[in-house]
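Here come two complexes built around chain A, the first alongside chain B, the second alongside chain C.
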Partner chain A sequence: MSEAWQKVKRFKIHEVWPLLPAAVYLVGFLVIVGAYLVGLSLSFEKNGVTVFPTLRTVAAVVSNTEFRHALLDTALFVIVGTPLELAVGLFLALVLYQQFRFRNFVRSLFLVPLAVPALVTATLLFILFDYPGGHVNFLLTGKYAFFPAILHAPVNWRGSEVFALGISMIGKVWRDMPISMLILLSGLNAIDPELFDAARTMGAGLRTRIWRVVLPLMIPSMSAVILLRSIEMWKEFIFPFILAGKYPLLGTLIESMYNDWGNSNGASAVAAILVLCIVVTTLLFLSIMEFLRRKLVRT
Partner chain B sequence: MADVVLKNVSKRMGSSQVIDGFSLDVANGEFVTLLGPSGCGKTTLLRMIAGLETVDKGDVLVGGKRYNNLPVQQRNLAMVFQSYALFPHMTVAQNIRFGLSIHKAPAETIRRKLAWSLDMFGLSGLEDRLPRQISGGQRQRVALARALVLDPDVLLLDEPLSNLDAALRDTAMEELKRIHHQVGTTIIYVTHNQVEAMTMSQRIAVLSAGRLEQYDTPRAVYDSPATRFAASFIGSPAMNFLNGAVEVHGEDAGVMTPVGFVKLDKERFTSAKAMAGRSVTVGIRPQNIAYAEHHESKRYSDTTLSVSVELVETLGDRSLVVSRGENGTALRFLITRDIDIEPQEMVEVFLDGRRVHLFDPQTNANVFSF
Partner chain C sequence: MSTIARVKSLPVEGLKKALWVASIAAAVLLVAGPVYMLFKYSISDSTSINTGGAPIPLWPYHPTFRCFTYLFSDSQFFGVITNSFVIAACTVGMSMLLGVPAAYVLGRFRVPGRRLLLLGLISVRLFPDIASVIPITEFFIRFKLQNTYTGVILAHTLLALPYVIFIGMSAFEAIPDDLEQQARVMGANGFSVFFRILLPLSIPGLVAAAIYTFLLSWDEFIFAYFILGLGKISTLTLFLKQKLAFSPPQNLLAAISVLLSLPVIVFSLMLQKYMTAGITTGSVK
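Entry: the complex of A and B
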């Protein structure tokens, strides 16, 4: 009691001043929006009458086959897309870590995707994979002289679930690879190069050096990439919105529920479940990384 | 264990010739130091032996085997880096076991060697600590232990003591000597610190700008420096240099310098007489100049000079006197702490003629060494 009182007495307003904007921001976006979201999810509307609190909306959403399908697709999108982005980023980081001519130029070249608006990238992919007259179809059916015909008839890429979501994922990974590349490159640059020399003098070949020196030391930066990128993958909207209209992910499902069906309670419930998914998988990823770190360190 | 032979080794980096026709032979079990200022190529040379740098020209032979194109992993050499390069994510024990586990040593061997090295380097109780949780001196010992458990043919040490404070460095030097004595591995040690080189090594290779200036025992390098560079780099305080020409005055041969005629000892009379008139650079260590009043018995070969004291620097047990000869040429000498000399005072000093070195002003080589 007296201790708490001491704390209150020591409290000085000027010490928390700088924190105030952040606090307002947190309250505004987390608490108010979060509460509103939960409130909408826990309301059910029928014949103009709103019932609150109830799990009927959540139950309706969860039992909806389209939602279940979207959840599964989104989970696959995250599970395949995040490691893909990590792998591409790691590969590029390892390449750019080497000393070669025009290295800085090549590095800036790899930053270009970030400068292109996602909508433009998505639209370009839309045009490339159009049916029946997209460039990819023209290419594969032998319409261009420099490439042999592989297919007899054009493929409706965006009409196939695997391709539509696959193209969305490729677009997403292409656009965001500079972020993971830069994070991993800075992680790589933070490692003392003498560690690699030391490992070599102790008889370590390239594989041993990568597995037992580089990767364990890269775990912090790889965790950061997985953490940041998996959240982005869960939330992804623009690529599937443009390229996979028929096969919604959770992000696009929210939009269609709200705009096409006018169901703001359902949309909120999907959004709340999406947030829950992010929290759960983030914790899961972190514990896997911690496990790996312990595993790789053992000699 | 093995001997190391470098034959006419050269290395270019960009536009600069880092190592230029360098030859060296290190006997089996010998402790050799590569000594030189920073940028003289000594670390590059060590990395070339380790295989971390390519060899442009010449041969690197270890145990009679040509190592030039042998991958680093296949050379049985161990290296201790200036930064120690301990794996920060591994404990002390894991760091020491790393190399052994790569070589697929049996578990029993690994356990035995780990125990031996922890005991040998006084690291018992620190097995499970991470490198960041131990002191600098302990890290240095882990780096040594990690290198030595592999039973390397040659142990390469790159300024391993430069990150330690002075007191710790003295202990570490004794440690290293003891370890070399016990293990008997061939050691090639790189440093810019002449005290480390003098204290520990059996032979010192003095390097300057990628070239070998002198390769001899510490005592020989100190007593008869082969080049002006070796003379100036070894010994503290630094040697005095005076320009002059060889002259013979009756029974005495010597050099006429701006501060006066500096006599040489009798043993060198004949050879000095043969080069009368030749211009030379005289080198004499501050230790070989005696304060006359303190130096009761003047030897025949001593030269007496009159100098004016400019300043006196206290070194602790002794003081360094910076003085100037008649026409302003600087001359440094040492006095014991009980002597009181004031700046501006005129004093007489004796130059020990037996310890006067002569260098060729063009080639910088010692004119008496062949």
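Entry: the complex of A and C
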């Protein structure tokens, strides 16, 4: 304690005070969020009497079938959505990696989805996937001359679990494309062209160069995308809230428990479980990456 | 640059070239298509939406700005826009007031344990919004801040403050030490150095942070929804959500959406440099 204090003193505490208000604000809210989340999750309310601490709320949530279903759906949302984000981001990054005439313009254009508010994108998908008369239904039933008929009857997109969550995922992936793209593009740009040349001189074909040179060098930026995007997928709220109201993910379940059922304890317990899911996914992913790295370095 | 030149020099046959043009076209369509659709709906007349079974046209039969003029003549909508504007402006004021001094200290002084300190400052934002909104709403209910401007402004400041600190910090860091030293040699004290030298030089970065904060508050939905509900004080995002629930004409929904996103798109493109820097910093090592 005294040693730390000495250090701070040497750095002239009287010059560091402007940091304090912001620090108090942020750390204060951190304490509030943490304390309320734990406090509410570990409280149980019955007939106006609050019991604390107890695991009854958590137990009630965990045994709830709707919660289990939401947890499973959210896990699927993460497992399918994260690779999709990576694939779409990689596609856009590869397009921008080339040299062509309107490259700067196209680059700016590719950032637009990020600038459109999520609620607006969700609203647009709400309109486009309308039933029976939305653009997508007209398109897929072959009502436009330029597109073949794939369906023979319109689909009620928002009325089906798979499609409603699928559209939510499309919206989420579309909106976040620029983030994945930028991270992957900076990864691509960081590759030394000398390596590419050296591989070619040694007779490596295009496929070998991609698999043996580009891909290994892209691992850091690709794992950054996977990690960041999987966290985002876990916590997604707005798209499923607007487009898949009847089929909750963890995020939308928190909202309906809190606002519709007035169950702040249960909502907090789900929120705490959501945080836990994110922490576990992150640790799992990092340890897998570490394992792979060690294995690759040894052989 | 050389990378790009080398990739281009690979043998490109006709098929490859066609594939390449097709992939650019597909990518542009993927990004611009939905944006075009939003715009198209917002200028559609009612016969282009209620087509009575005929496919919805890709360009409205009779393009019109009626939805926009209707919205601007609606006093409720005017109140909603004003609310969003006031909340965003107050959020900017408060975030800058708290954030700029902090950014100054973190950018100009070798504070011990800086990394740990930064982690501590952003850790409240590591919680998902949908998870931290419950505790904050409960806290605001207890202190009678629910359904108040103050409540939303405090919440939005919480969301924006880490960004203000980070963008501001790099703005202050970029100023050469020599300038500050010289001013001090000439007898300027800490306050004059800050107000006469550091602040003017960091203005571009700070303006970017302020605009970013404004946009964040302008299109924020989750905290506004929990703290204000669909009650007396409504913001643009809440207004849009409220309309969605009553399935109004789609052109009206699209017009509200356009008004909500236009400022964000325009300013985000202007601030591209700062946006992209924020995203890629630290993610690729």
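As a convention for this text, the second predicted complex is superposed on the first by the 248 of 299 C-alpha atoms of A that agree within 3 Å, B and C clash if a C-alpha of one lies under 4 Å from a C-alpha of the other, contacts with A are read in each partner's own complex, and residues count from 1 in each chain.
In this section, a residue touches a chain if its C-beta (ideal position, glycine included) is under 8 Å from a C-beta of that chain, and two chains touch if they have at least 3 such contacts.
Quick caveat: nothing in here was measured; it's all calculated off a predicted structure.
With the C-alpha superposition on chain A as described, chain C and chain B fit side by side in the combined arrangement.
Of the two partner chains placed by the overlay, only chain B lies in contact with A:216; chain C stays clear of it. Shared-chain residue A:62: touches no atom of chain B or chain C. Counted by residues of chain A touched, the larger count belongs to C, out of chain B and chain C. Using the contact criterion defined above for the overlaid structures, shared-chain residue A:80 touches neither chain B nor chain C, since it reaches no partner. Touch criterion not met for A:289: it reaches neither chain B nor chain C. Of the two partner chains placed by superposition, only chain C is touched by A:29; chain B is not.
Contact with neither chain B nor chain C is seen for A:155 once the two complexes are overlaid on the shared chain. Across the overlaid complexes, the C-alpha centre of chain A sees chain B and chain C at an angle of 80°, to the nearest 10. In the superposed model, A:208 lies in contact with chain B only, and not with chain C. Shared-chain residue A:195: touches chain B; no touch with chain C. The overlay of the two complexes leaves chain B and chain C separated by a minimum Cα distance of 6 Å. 197 are the residues of chain A that lie in the contact sets of both chain B and chain C, per the superposition on chain A. Those residues of chain A that touch chain B in the shared complex are 192, 194-195, 197-205, 208, 212-213, 216-217, 293, 297-299. Here chain A touches chain C in the complex through residues 4, 7-8, 11-12, 15-16, 18-19, 21-23, 25-27, 29-30, 32-37, 40, 88, 91-92, 94-95, 97-100, 106, 108-121, 123-124, 126-128, 130, 133-135, 138, 143-144, 174, 177-179, 182-183, 186-187, 189-191, 193, 196-197, 206, 220-221, 224, 228, 234-235, 237-238, 242, 251, 254-255, 258-259, 264, 267-268, 271-272, 274-275, 278, going by the rule given at the top.
For chain C in complex with chain A, the residues that touch the partner chain are 2-8, 10, 20, 23-24, 27-28, 30-32, 34-35, 37-38, 41, 51, 53-56, 58, 97-99, 101-102, 104-106, 109-112, 117, 120-124, 127-132, 134-139, 157-158, 161-162, 165, 190, 219, 221-222, 226, 229, 237, 240-241, 244, 250, 253-254, 257, 260-261, 264-265, 268-269, 272, 275-276, 279-280, 283-285.
Per the touch definition, chain B reaches chain A in the complex via residues 47, 50-52, 72-75, 77-79, 81-83, 85-90, 94, 97-99, 101-103, 146-147, 150, 156.
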